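Mind having a look at this structure? Questions to follow.
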Amino acid sequence: MAKRKENLTSEIGWSTPDEINVRGLDLPSEILGEMNLGDLAFLLLKHRKPSPEESRVFNAIVVTLVEHGLTPSALVARMTYLGAPEALQAAVAAGLSGLGTVFVGSMEGAAKMLSEALDGVTDPDLDAIADRLVADFAERRQIIPGLGHPVHKPVDPRTPRLFEIAAENGLSGDYIALIQKVQERAEAARGKSLPINATGAIGAISSELGLPWHIVRGLGVMGRSIGLVGHVLEERENPISAEIWLRAEEEILKNNGPDATGKGD
Amino acid sequence: MAKRKENLTSEIGWSTPDEINVRGLDLPSEILGEMNLGDLAFLLLKHRKPSPEESRVFNAIVVTLVEHGLTPSALVARMTYLGAPEALQAAVAAGLSGLGTVFVGSMEGAAKMLSEALDGVTDPDLDAIADRLVADFAERRQIIPGLGHPVHKPVDPRTPRLFEIAAENGLSGDYIALIQKVQERAEAARGKSLPINATGAIGAISSELGLPWHIVRGLGVMGRSIGLVGHVLEERENPISAEIWLRAEEEILKNNGPDATGKGD
Amino acid sequence: MAKRKENLTSEIGWSTPDEINVRGLDLPSEILGEMNLGDLAFLLLKHRKPSPEESRVFNAIVVTLVEHGLTPSALVARMTYLGAPEALQAAVAAGLSGLGTVFVGSMEGAAKMLSEALDGVTDPDLDAIADRLVADFAERRQIIPGLGHPVHKPVDPRTPRLFEIAAENGLSGDYIALIQKVQERAEAARGKSLPINATGAIGAISSELGLPWHIVRGLGVMGRSIGLVGHVLEERENPISAEIWLRAEEEILKNNGPDATGKGD
Amino acid sequence: MAKRKENLTSEIGWSTPDEINVRGLDLPSEILGEMNLGDLAFLLLKHRKPSPEESRVFNAIVVTLVEHGLTPSALVARMTYLGAPEALQAAVAAGLSGLGTVFVGSMEGAAKMLSEALDGVTDPDLDAIADRLVADFAERRQIIPGLGHPVHKPVDPRTPRLFEIAAENGLSGDYIALIQKVQERAEAARGKSLPINATGAIGAISSELGLPWHIVRGLGVMGRSIGLVGHVLEERENPISAEIWLRAEEEILKNNGPDATGKGD
């Protein structure tokens, strides 16, 4: 049962007739024109402005999450818009609803694996930790989150670039080193290519930025909502979802309708 | 009925085993580390990179839309998280669902009013257009979108700053001039303070950026999804939605329960 | 701006340690085992139990709205489940999001047209009203809501059965008579088959039941949520949404990918 | 990665110009006027019509799930409607989004516990199984799903009535007997009142009806969507969500605003 509270509090922000404050900063004078959209997201997650280096790295990882072509969530947003063109927000909301365990789970899982292995550990033995992690996942017969990709083989082209950006900005530390060691051992153990995919890279870099693992799904939600607006606007100009629907409906009718089943006679 | 299409097409992007392309740009080499989150949103809406000036102005207007304190949509996201803490994306989706005519309508309305008045008009007579608009809305007994604010009086502190950023970056033109003239005439006609609110400023600046008015609701959705992630994460650390719910439920029980109605005897 | 309230009230229901009350009825003793699901929906909309005749008619119209095959909203629910199989509720929520102006609008529109024409009118001249309605819609170049169907021609097979059920239960009055007269005149004026479709029949019968027109969209939401649960459960056993997605994605890659555009070279 | 399919199939239904078929039944002649809303839900879940006894029992359990007063999901629907009154479907969708592990989890958990203990077991020793279940949950320090209630003590008034309806209709078997034995042992072991709550009763009765445990969350979704339509319609007539929001916002401003923090000086 929920615990009762005497006072409702929130540190996110407040406004009065002549002031608007977000996380302790005056919106008009300290945020507008000073911070880009990614920086404001960082402020909301970390409760402070990013350094210029953090800004570049954080923007890069969220930017990576915006657009992945005609994904199921893009199709969901487009098909929702088909029925409710007056409610763009509902189309985006519907598209976000499917960002669950299957599509954002591995990013969350990678961040969790790395932060549970390293947070609070001084002078960690990365080789030993990597050995243990690979063995643990093998024993549990689980996929190691953040490794492998159905399309991008042998290398996910986003990963080396993201790691490069992190290194250029002084944010390549033990978390990135650990996932690279995990990858080497996993490839050796399984005898196949297991590239660190973008979700693995983002999980590691999030940890380098000090973001708790449970926040990482939120990065996907932030990024994808922007991408979904893009899909809805293209659907408006170049509608394709009705055609996708009608083809599927016709195929079902052919395969299961009265002519197929004899029930219609 | 939906028209049929022979071919499904989408210009947003594609990926192959070693390439990922978004709106004609190579994601790893031309986007990551080069564009911030607001710039990528601009790319998806305008199909080209922003200039540095456009980047500053566009980021400023979307940043304005991220966070407005404990709004109904923030409460919706927090209360959804209360029941489904495993599904942060569903909480944000629920929060976005209420960004309809009441809360984002005036921004869309302001952009529509300005662009319908000025798009394709060469050498417009702004004074005459402003007179006509104020008269038209008065005749239809409608509120002029983008003017007036229940809290921020006599000035919405975001508006002068947004207009300043637009001017500093060479993006203050007829749309901004027109809404300012509309405001002057509306205040004179109605005899009361009618500040250009943030939605009016954003509607005007969107038009200066060449964004079609029907896109403007999408800016609100992009910005607010980031703000809602912030609310869900604070709810996780400092839960308040259960208390808000329980207080309301208890008050209903007191006002309408068996002791109030005698039905429980 | 929202008006303030001193007291929060709700007449829907309340519970105490040993009682649960819904709209004035004791849930365990007066509802459970006594009312079916449609009857409880009626109770929530009309604030009283249906008569046996009302129960049959109301259940029939909501039942009509449950299942329409592989609609866009069914595809949306299935594709959302693909990404978040742990959250069946999110899949149904996503599917409901698209029940907007395009797919439920005509039902709402038919109920509105009929109730605005007849509510509060004693001894209405149905022929004259039908003439006027057909002329008004023609003048505004609008489709008459509730008439015409892309597939079910010349007769929507649900309509005569719904009208028969209404008549058998003493609920066929002026609203049904009016939409039939509107249909006759519209067919004569336009010279083509314009069957009263199921949404027109439901709009008329809702009005016979005394349901306000703005409630009618809610009937669609109630019914469809049940149908969407059915689709998600079939998707679990016989997944088809991934195939629909992958076919579309591959076609886009072929039509817009590097080989098509030369950008990948 | 998703497996490919050569053919898309669906057994739910199909339509041709003059026929509409749902799960093998002709909608106009075999469903409309013949089956109530709960019966159609049963058809979609079980792929056959219910017997009269099954109809009474199934309707009773779904009816139980419709309305629980001013829950968080009801507040979510009402607050979404506040911002988007043009989109009732979005309000219901938002309200459903929170039916996750916290509020429907125990129903799913009870059904899972009982079906995993009994499905496929001939001649089960219910006493031994109950002992084992109580010991297992105690060892894992987990709450037994379906037992205990924060308000309804010592008895949840829905439970005896639901069990009575099941018994009257010949559907009280081993699943109900087992949860009753689990309750007795759990109360003895923990030395406190642990009533079988409505979710426990519904979990058990669902199993008696042969519904797989993973379907049980869908029953909650079906029922609640009907209840949420009721809340949105009451909010339309008697709006309370704005007041709840404004009270919370004012309290935050008092506790965290400029006067509290000194940041506004």
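Order of writing sets the chain letters: A, B, C and D. Residues in each chain are counted from 1.
FYI, a contact is a pair of C-beta atoms (placed from the backbone, for glycine too) under 8 Å apart; a residue touches a chain by one contact, two chains touch by 3 or more.
As the structure is a computational prediction, the values presented were derived from the model and not from experiment.
Novice: Same or different, please, for the subunit B to subunit C contact, judged on whether over half of the interface numbers appear on both copies.
Specialist: Over half of the interface numbering overlaps between copies: same.
Novice: Computing the C-alpha centre of each chain, which chain sits at the greatest distance from subunit B?
Specialist: The chain farthest from subunit B, judged by C-alpha centres, is D.
Novice: Rounded to a whole Å, what is the gap between the Cα centroids of subunit A and subunit B?
Specialist: The computed centroid separation for subunit A versus subunit B comes out at 23 Å.
Novice: Any idea how many Å lie between the Cα centroids of subunit B and subunit C?
Specialist: That pair's centroid distance is 30 Å.
Novice: Take the average of all CA coordinates in subunit B, do the same for subunit D, and state the distance between these two points in whole angstrom.
Specialist: 36
Novice: Mind pulling the residue numbers of subunit D that touch at least two other chains?
Specialist: Within subunit D, the residues that touch at least two other chains are 8-11, 14, 16, 19, 69-70, 82, 84, 86-87, 89-90, 93-94, 97-100, 240, 242, 244-245, 248, 252.
Novice: Show which residues of subunit D lie in contact with subunit C when the two form their complex.
Specialist: Its residues touching subunit C are 2-5, 8-20, 22, 27-29, 31-33, 35-41, 44-45, 55-56, 59-60, 62-64, 66-70, 82, 87-90, 92-94, 96-100, 104, 151-153, 155, 157-158, 160-162, 164-165, 168, 214-215, 217-218, 220-223, 225-227, 229-234, 236, 238-240, 242-246.
Novice: Applying the document's contact rule, which stretches of subunit B touch subunit D when the two form their complex?
Specialist: For subunit B paired with subunit D, touching residues are 69-73, 75-76, 79-87, 90-91, 93-95, 97-103, 240-242, 244-245, 248-249, 252.
Novice: Mind pulling up the subunit B residues that touch subunit C in the complex?
Specialist: That would be residues 1, 7-11, 14, 16, 19, 21, 24, 84, 86-87, 89-90, 93-94, 97, 150, 248, 251-253, 255-258, 263-264 of subunit B.
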